[in-house]
């Protein structure tokens, strides 16, 4: 966030051509850290309650994690660009209200309409951020309160029941009897976005923007467009997550997803994505979201009392970030 | 050296993995996860008492009323030689659903759940989850009016207090305390809860019966003491001496309002609440608060588990629960200075939880 | 004073003027007192968070730390749960506990290199856990006359705790202006690497900044307890984002190196006046948050637009 | 390190021991031997020049001298005493201080605070600032170098040259720590200064000699010879000799640095015939006006290199950025190849075939942690692939081609660019516009800043070849000599206006003096 003056990694001359750009064992380990953290956590929960490691239980956990994965995946893009999106949860809540209100009129098209609408709202925030040059933290903090207000007003501060469950029924199915459809959808989102980043120049534009915005801009990367696109996608993901929540709760509510904001950000950081931008990936956020979900639902289920649960949650999250963060990629930790 | 590099040939190495995956995914979709509990087919009464799992779930343990609820659950569990699993979801609907779906993914055959849904809209998914998994469920406080308990065979009962009645009772007490006329303000609870709506409806009934009492303002303070403090301060500034009484939808908010009054140096305002938390009872003893209505947390924590336990162990069959006992109002009392001494330490006897005596506190079916 | 520094105070005057014209209730003396009293807790929290923001870090630990300190103080002064009656010592212990929790954030940042966003989020959860543990199911109500008096007794028309908040702002300003800690906090936000090159070990100062911030949150938790007459686990709910909002509206940069305590104090007043004014002019409570959000964005935009240039980096 | 401390006191020079002596210093990095037994002697009250190409080990040596790098072997002696330097503070305690290449001041602190930073002494008592004392302490340092800066001014409100003075004043604080004259190391102090500021700096350096020893590092050999008493030359991590400045010529130094006689004509002028008579100008700028410049007119033909010279504040950098859409304009028209150039943003400029190499390579030119390949292909998507998809194989081939064509020394195309030497980094940045394939106008803002002679020479050659292939080039040179050597025409800017145009064809170059007259 501040200009590095001299604190560059030590070896400046790289004269020796035998030094390949191959990652060292340590780096490899760091890049698998989110998965390792996930496995260790699962093992710990299983030790605490042997019944936890069952097919049913895991199925329920990944089903639970689906909206969080989608939210975190969208916001990861914004974080990769060097910004942050604090509005995802409020936007998701608003979208659940929209869904409940629109479903009677739009029927099967509601899902698409929701994703389009939230995408547009995300784009609007992106445009405000880019054109007005307001830090994304502020834009989305403002967005958070505005969306909440709109949701409260249009829903009259109460939940709206969704009577027609056919529109979201497909999300409650299970693929091959074990994998919840909502999680499959979340995986597809992560996969498609990751592929888009890898197979188009978008990936390197996003990372360049995150590492060094001015260099990216002067290098001719469409920085503003990339940022707006990231916010748009983040918004669209919030909409999709809203549909998943509605499919689970049979209602839309102006505060339904509000408490998912910090877990979503936690998922991104636990995955090892640098909150300063540039370094990270959606796959990492997927692993991070699973870790956070296990913490949220696993700790109480295996019988940790609520006070200790919070203490453990705090400690484990900090420890997980300490493990997964690739310090060689981030010069200054703020 | 040439500095114009041109690219010929527009060959694509297009990746279609996503499409393939989606195609694969659509084959073999099922309604439920493999191996999940066998729906409503579980035989009632098949459980050995030692195999029963008792779960109590409330918003948080940092609230005296809900903490006493879980303690009541513990007391009942001890009575039958079991332990209760205490779950809290921090007032977060999403988290409540997540916990329950995780819980239902485990062994559900002899699972008994006594749940306080966060809001009306949170009840349907819980009920359906329990029904599908074959767990025994008792819910309290919040339920959408059009959701019928009798339609389910694992949702044993829904218990609540008659909010309209309690709202009206304290409304009347407040009207009496301010001498039948004057301005009052109302602090509403979380608007998305049946309790908040019913209680406010009760206030409106009371207002209709006391035409000289004027409702100056109503604001929500979300059942929270801190929010009630702020809201009351602002309302006091706004309406000044016109405020003669404060109607709060629960005791926590009433206590917050009391603090605001104290800080504003006002001792001429009557305050009423609902729930009968210990602090409120003390305040009523002191005379700083006018009235509250009893909600018996420890009993609520025990009774839900007791109903589930009796059914799970076969001492009570679901079919034998009378229709009017599937969704019912529990007994409640208006507490004022004259009778407060009777409620300072709520007593729940073991008899209250005997299988034959479960519905003794019923005040009738929810209409 | 540059235009940039003058912006928030001008905005404060303008907003105040608008509400004064719109609402006769707003422009009463008692309402001004009310606004100042209502700003007290937020001001103390913002004092703490300003130093953290100055270094370029962020702090979300206020809710947890305030909760822990609120319960602690309620259990240590005269109360209905136990026989303690430690008075000011109880307050000091609560503030110390809070400082220790703040220190924990700082250590996680400099030792484990966990970004402050996550480190403080974790510490917040730990604080809430500690608070819930101490709470143990029974609300601790305070009966300590001194602590209760803070919220009730008035001096020159303002509650004592408002004066405590004023003292905090003053103390914060002195620290920022005249102490090495304050100046280094400022410098860390400006160019952290340079400090290292100048032979300054940055890490202890970062830890100290978080510790100090924790102490401020702890005091804020005590103030909330005094106001509510009881120790609440949720004493600090929502203060994290509102304090950041206040600091940013006051002109503190999230990237660090600019702003300060006085800026933040103006920001606190601006936010409080807005909240109060919106109620007074009768804006629906649902809209209030939204209007505040809009105004925050507008305030920052107004401050930023004149300085806008091509190829500017905004994160 | 196993060298025995006790037994070998080392030979003493007659009279007073040298201020600083380095013996057999060795430092390895993975795969690189940065220092391979360097010896160096700095006498008291002497200005010692240190010359060497990038990668010769200068930076590592300097860092070792101020405790930022721990050598693997070798000894450092200060005034006849063996020292081990663990940190900057350690070095300062022994009287060794360095002015860093890129300024190391905290922008939002006052000049006084920056000067005393880290060693406030009586300026801070028990953690409390005493602003009066602080100001006095700072003033003492500023007085030493005869600077008139207000010590309580915020550093970011000072001019660049003033900041450099603050930096020197800050280093002089170490005098207070030792009883002896300090050794001041100036690492590339002139690379971002304009000529007038350089003169001031040199005056100060000569003054410093009265009470200190100075190690002066610069890529500009003429400067080194101008200000130093002696010049030591490093090559490949080894000391290869030293010369007395009075007897040496730049060419001789250059030869020592690269190990062979360098070409005199390092600007490669006349390497090829210009592509005939220019027809109409490729770039036509009329009345361009922005915040810091007014009514600028400029013509650049295809194949032509036009230098813009001017002092600090002449607005030439901003004109350059405005042409790339990176600086707002309020009036004026720019036509490129007969089509109006859209100045609304950098994307439009890129699309129109304008390329820009910014002066701040590390923060604006390149994305440090990203690979050479990614940096090279940042600009244009069609250069990476045909169609919207990236084709890694094709991209690799393309990047490798350019790495070879420009002989960029990198272990691999996937290596992070920040691991390359400055010259190679700059070549990657330049290659970015060549990969795009259709660059018509190249804006070069100090393209050789911070590069050594060898790397410069390669960049010059590249510029020539580009020009010969028809690219129009606008050059903001690092020095007047460079501007004269490289340009076909030179435009002088002063106070935001283009005041004079001087032709500079091969064989009829103006002298620096001719230009300086116009610049001020």
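Here the chain labels run A, B, C and D in written order, and each chain numbers its own residues starting at 1.
FYI, a residue touches a chain if its C-beta (ideal position, glycine included) is under 8 Å from a C-beta of that chain, and two chains touch if they have at least 3 such contacts.
If you're wondering where the values come from, they're calculated on a predicted model, not measured in any experiment.
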item: Among all chain pairs, the one with the most C-beta contacts; value: A-C
item: Chain occupying the middle, per Cα centroid; value: A
item: Between chain A and chain D, centroid-to-centroid distance (C-alpha), Å; value: 42
item: Intercentroid distance (Cα basis), chain C paired with chain B, Å; value: 33
item: Separation of mean Cα positions, chain C and chain A [Å, integer]; value: 28
item: Chain A: positions in contact with at least two other chains; value: 3-6, 157, 199, 214, 217-218, 306-307
item: Multi-partner residues of chain B (at least 2 other chains); value: 60-61, 220
item: Contacts with two or more other chains, residues of chain D listed in rising order; value: 100, 104, 326, 345-346, 389
item: Parts of chain D lying in touch with chain A, wherever the complex brings them together; value: 29-32, 34, 54-55, 59-60, 69, 100-104, 324, 326, 345-347, 349-350, 356, 358, 362-371, 374-375, 377-381, 384-385, 388-390, 409-416, 418-421, 429, 432, 436
item: Contacting residues of chain A [partner chain D, same complex]; value: 3-6, 8-21, 198-201, 203-205, 207-208, 211-212, 214-222, 224-225, 278-279, 329
item: Residue numbers on chain C that touch chain A, as the complex places them; value: 55-58, 60, 64, 108-109, 112-119, 121-130, 132-133, 135, 189-194, 196-197, 241, 244-245, 248, 254-257, 284, 286-294, 296-297, 300-301, 304-305, 308, 311-315
item: List of chain C residues in touch with chain B within their complex; value: 25, 28, 30-31, 34, 37-38, 80, 131-132, 135-139, 141, 148, 151-152, 159, 224, 227-230, 232-235, 237, 276, 279-280, 285
item: In the complex, chain A residues that touch chain C; value: 1-7, 82-83, 128-130, 132-139, 141-146, 148-150, 152-153, 157, 213-214, 217-218, 262, 265-266, 269-270, 274-277, 306-315, 317-319, 321-322, 325, 327, 332-334
